[in-house]
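A short write-up of the structure that comes next.
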Amino acid sequence: MHSELLRGNPLGDPHERPIHVYLPPGYNSDTGRRYPVVYTIQGYTGHVGMWFNRMPFRRPFPELADELFATTATPPAIVVYVDAWTAFGGSQFLDSPGTGRYHSYLCEEVVPWVDARYRTLADRDHRAVAGKSSGGYGAMVTPMLRPDLFGALATHAGDALFEVCYQADFRDVARTLRDEYAGSYEAFLADWRGRLHGTKDSDLDLIETYGYAAAYSANPDGSVSLPFDELGAPVPEVWSRWLAWDPVRMAAEPRYAEALRSQRAIWIDAGTRDEYHLDFGAEAFRRAVSAAGVPDTTVHFELFPAKHGGIEYRYPLSLAWLCERMA
Amino acid sequence: MHSELLRGNPLGDPHERPIHVYLPPGYNSDTGRRYPVVYTIQGYTGHVGMWFNRMPFRRPFPELADELFATTATPPAIVVYVDAWTAFGGSQFLDSPGTGRYHSYLCEEVVPWVDARYRTLADRDHRAVAGKSSGGYGAMVTPMLRPDLFGALATHAGDALFEVCYQADFRDVARTLRDEYAGSYEAFLADWRGRLHGTKDSDLDLIETYGYAAAYSANPDGSVSLPFDELGAPVPEVWSRWLAWDPVRMAAEPRYAEALRSQRAIWIDAGTRDEYHLDFGAEAFRRAVSAAGVPDTTVHFELFPAKHGGIEYRYPLSLAWLCERMA
Amino acid sequence: MHSELLRGNPLGDPHERPIHVYLPPGYNSDTGRRYPVVYTIQGYTGHVGMWFNRMPFRRPFPELADELFATTATPPAIVVYVDAWTAFGGSQFLDSPGTGRYHSYLCEEVVPWVDARYRTLADRDHRAVAGKSSGGYGAMVTPMLRPDLFGALATHAGDALFEVCYQADFRDVARTLRDEYAGSYEAFLADWRGRLHGTKDSDLDLIETYGYAAAYSANPDGSVSLPFDELGAPVPEVWSRWLAWDPVRMAAEPRYAEALRSQRAIWIDAGTRDEYHLDFGAEAFRRAVSAAGVPDTTVHFELFPAKHGGIEYRYPLSLAWLCERMA
Amino acid sequence: MHSELLRGNPLGDPHERPIHVYLPPGYNSDTGRRYPVVYTIQGYTGHVGMWFNRMPFRRPFPELADELFATTATPPAIVVYVDAWTAFGGSQFLDSPGTGRYHSYLCEEVVPWVDARYRTLADRDHRAVAGKSSGGYGAMVTPMLRPDLFGALATHAGDALFEVCYQADFRDVARTLRDEYAGSYEAFLADWRGRLHGTKDSDLDLIETYGYAAAYSANPDGSVSLPFDELGAPVPEVWSRWLAWDPVRMAAEPRYAEALRSQRAIWIDAGTRDEYHLDFGAEAFRRAVSAAGVPDTTVHFELFPAKHGGIEYRYPLSLAWLCERMA
């Protein structure tokens, strides 16, 4: 699809974007029927093409989703796989002068594009967003920002409780910068762009942290402010900008609390051995959701024994649950 | 493609197999030209569908290969992506009563199938085999077993020097079996088959080691003998069967030494931080190749700073080199 | 020695304390001479008896100190090894209702006790305090609190920059508490007291963090407030009490800045691979010292390639430097 | 004590050796009584002075032993702490042209020295040897070599099943040598001798492996043959010399089997998470002991949940058991 909002984005990423729309069994035969839509978004470094990656002894989510609808009584839905890749590996599904207008692109372009082309139930009560990791983050914040558009969400190990999931890693990033790049992110970026990603062990951590900063604390001119100094300590005026985007803190604001109360279904889960401690993020968001006044009956919360990776088998569980709730 | 040799294999794996044949630029216009063929095989847990997996900031090998031929003066070749997946995750490209006749399938079915359908230079001087990890293993042993069919090879971090790359891990497998499965591989397999792969951290190591045993030390009735006992110590009569399949030891046998001397090109490389110590395997095989009488001019040997993963960027290097040598 | 200030301490630790006083070569013959004193304090879990522990291929510090004075022209000094062990493993050399009055004990009892019994130069210009890790912490804060008593200090990998050295570990402590003790420190303490220390891998981290809280954020009734909640997130009203004890922040306060300016010698070092990131703490304290107005000539700052452990060979370097400066 | 056998040892280590003899409560009052003796030997890098090292929240073994005799009905014994330190950190309590005659020193000098000075029950039925790690190794082999001298033993996590406990680590040593010392042990030794031990992370592994080789496979001229080549693969003619010293294999030889059958008490234990997999060594030795014909009633065998370190709390258990058996 073609995005006007992403045209001229600061990273020079394409404004033509792939999109993958899954239509459930029966869609073509039962031509009068309209369907709810689950927008599925990815974790950091994910782009839409990766949904079809094959793993040993596992099946990719699109196959599991199809199997779900084909073999169970789950109420059918359209599943849309959205691309929000950037040159830094992701966008956190936010509008930022550092990366581009990915939040608006999702809400104002992708959603209408789908509604215009497919027989959707084109209202917020039949529109959900779901994702894992950074995709779980997007699934938490998008409905808070646009409750008029989204009425249900599922977050699997979504980024939350930023002091716990992010801050603790800054010291390692700072040390790597000191030891390998004379303390300079510019030096890292110049080096990284000039060679193959991953040929240094630290590449992923460095680009990921930079990408988060580009999403949370970029400046109007597109420059990126880091939330920590060269000793790994928080820079309060930047770190506070990150914290303002923490779903846990957002949920305490009246407008976002109201948005959460309007949700029909909120799925929250994470693995108890998640390397980023997103089980704590999940628990904190779950508490924040309750504190916002969301009744327990609206929420599915679950911690399960797993790390951060290899949990795509959880997606069909939340998909089925969301479909039941939106039916 | 359809395989008679894999029909009725002991693991009940399909005998209809995917195959992916890449035709170089110009193949369709220059209809009188014939091409060398590089058979590309995968590491353990790889199946042919994974070649197209997308990784962040990287491109899959088939794209890199295409770029190679499209943008450089590399002599063109047909690249064939062969599937040898099994229910244990791999076959080591050998014939075994534990898994099936994957060596014969490759040599007697895949090669003729390709030669029959494409304008190949259908002789051993224009036929190479290349792969990484277990695929590198297959690339080493297949031309030794069938020098009439293959005249060039490339091994990236291929399994070799079994005392170093395999034996050292047996104690950990034995401990896991003791602690999690009361010492019984049967208990592991029963548990593993009944749930999702990877939900226990030890799954990969256990199934991989079992798969190797199924390839190297299965018995005529299909049962699998383990090369180590419940204390992780080698069982000499089984371990010696494994060692007989070590490319380093094979190369010392006259018939295989002769096969190696007949090769036109031998590429050997590995990363110096390879977790399986396959840099030592590479060095040992390189020495064995020299000891077999292969002149240095026939060999490309290289250790480079990397671990075992993320080295698909090496494949185009060996592909170009093989194509130059076979041109 | 006998301490009135430690009598009746809240942990029931002894108020009779060992002390080890080293007298330099010549002390007994040159009976008219008076000497500077370096008070040496230990890291967490250290008690004075451990100074004499023997390590393979290494010599304990008391031997190195003696060799220093015996074989070089270093101006001689008395070295006093102070005990501040508690039932939690340490005191941070502070007065706290959670552990006892270890700061006052050091300043008001140990120092006079030594001055009364040995031929010291009994003034702040000839009195230094030195230590590593938590001992380095004590060496930073004691002269800030009592510049009338101490005029020089040496900190090796001392606890500083608490957001970096402490906060990042709270999430792991919280997870361990959740997974092993139902989230309850009381449950841990009850379990830990009833069995041998170290029989669970998590013992050291748990008791150490609790001990820090007992030093930094105990309440008047002796109860201990934790600086993080059950999700590992900071509890602002308690965490701020910790931060008030961070040497880096203390140094920015006028009274402590003045105390630092009055120091004759400040040695700061740490290893660049320190597991607690105390190299960043060292750098931050060094900057804070400069910002306080201390001239560069007063400061020795050094980062060296090492981890946190095994750096006792650094102590003689600072000892010699302090002695030169106090001579 | 003074050792003639260690005089002129190849490493230039002292032939004057410390020895620590513990006399049980009542020894001085009940002057007619004679006592069994337990010779206690140390793990690699241990020397007799380390027995008195203090650890946080723990007590050293000599105190635990004293408490045992002072507070329980355990039959009293003399406990002798033997020093067998070398410049490489240990001797494996063997005679070797690479290190010295430490086996003979223990059997022919230490034992008579003790018997001459203390009221011992000076016969093999009342003489035991006990130790941990390399000390456990010595405790296994010494009574096999000299059943005329020793009639009981205790091994805690003793080196055994060499393919499992040693061989698996050779590849890492070989890699370190390649990467840091151009493949040369001479280069390592020259570097190591010229600086402080432990300033490189690899120091301990390198010196320990070299020390084992000096014990197991030194040559008559004192030179040391390594059991692995520069690729980490076993060198059969040297490795077989090591294997000949494996307690598990020794126990299968008739003369040593007979020696084992003559033992009055054999204690074998290890931690199930031992980093060197000495739980497997313990189990293998236990099986070998049974296979040698030792009745189960003579053996105490136990695996307990622990790693290799911090298990000194096990020593009093075996001490009490040995004393009961020798009473």
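In order of appearance the chains are A, B, C and D, and numbering begins at 1 in each one.
What we mean here is this: contacts are C-beta pairs under 8 Å (C-beta built on N, C-alpha and C of every residue); 3 or more make two chains touch, one makes a residue touch a chain.
Owing to the predicted nature of the structure, the values given are computational and were not obtained by experimental measurement.
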Which neighbours does subunit B have in common with subunit C? A, D
Just how far, in Å, is the C-alpha centre of subunit D from the one of subunit A? 57
For the pair subunit B and subunit D, the C-alpha centroid-to-centroid distance in angstrom is 45
Averaged over CA atoms, how far is the centre of subunit A from the centre of subunit B? Could you give it in whole Å? 37
Two-or-more-chain contact residues of subunit A, please, as numbers and ranges. none
Any two chains that touch count here, so list every such pair. A-B, A-C, B-D, C-D
Under the touch definition given earlier, write down the residues of subunit C that touch subunit D in their complex. 45-47, 49-50, 52-58, 89, 196-199, 201, 204, 207, 306-307, 310, 313
Enumerate the contact residues on subunit D facing subunit B in the complex. 161, 163-164, 167-171, 174-175, 179, 231-234, 272, 277, 279-280, 283-284
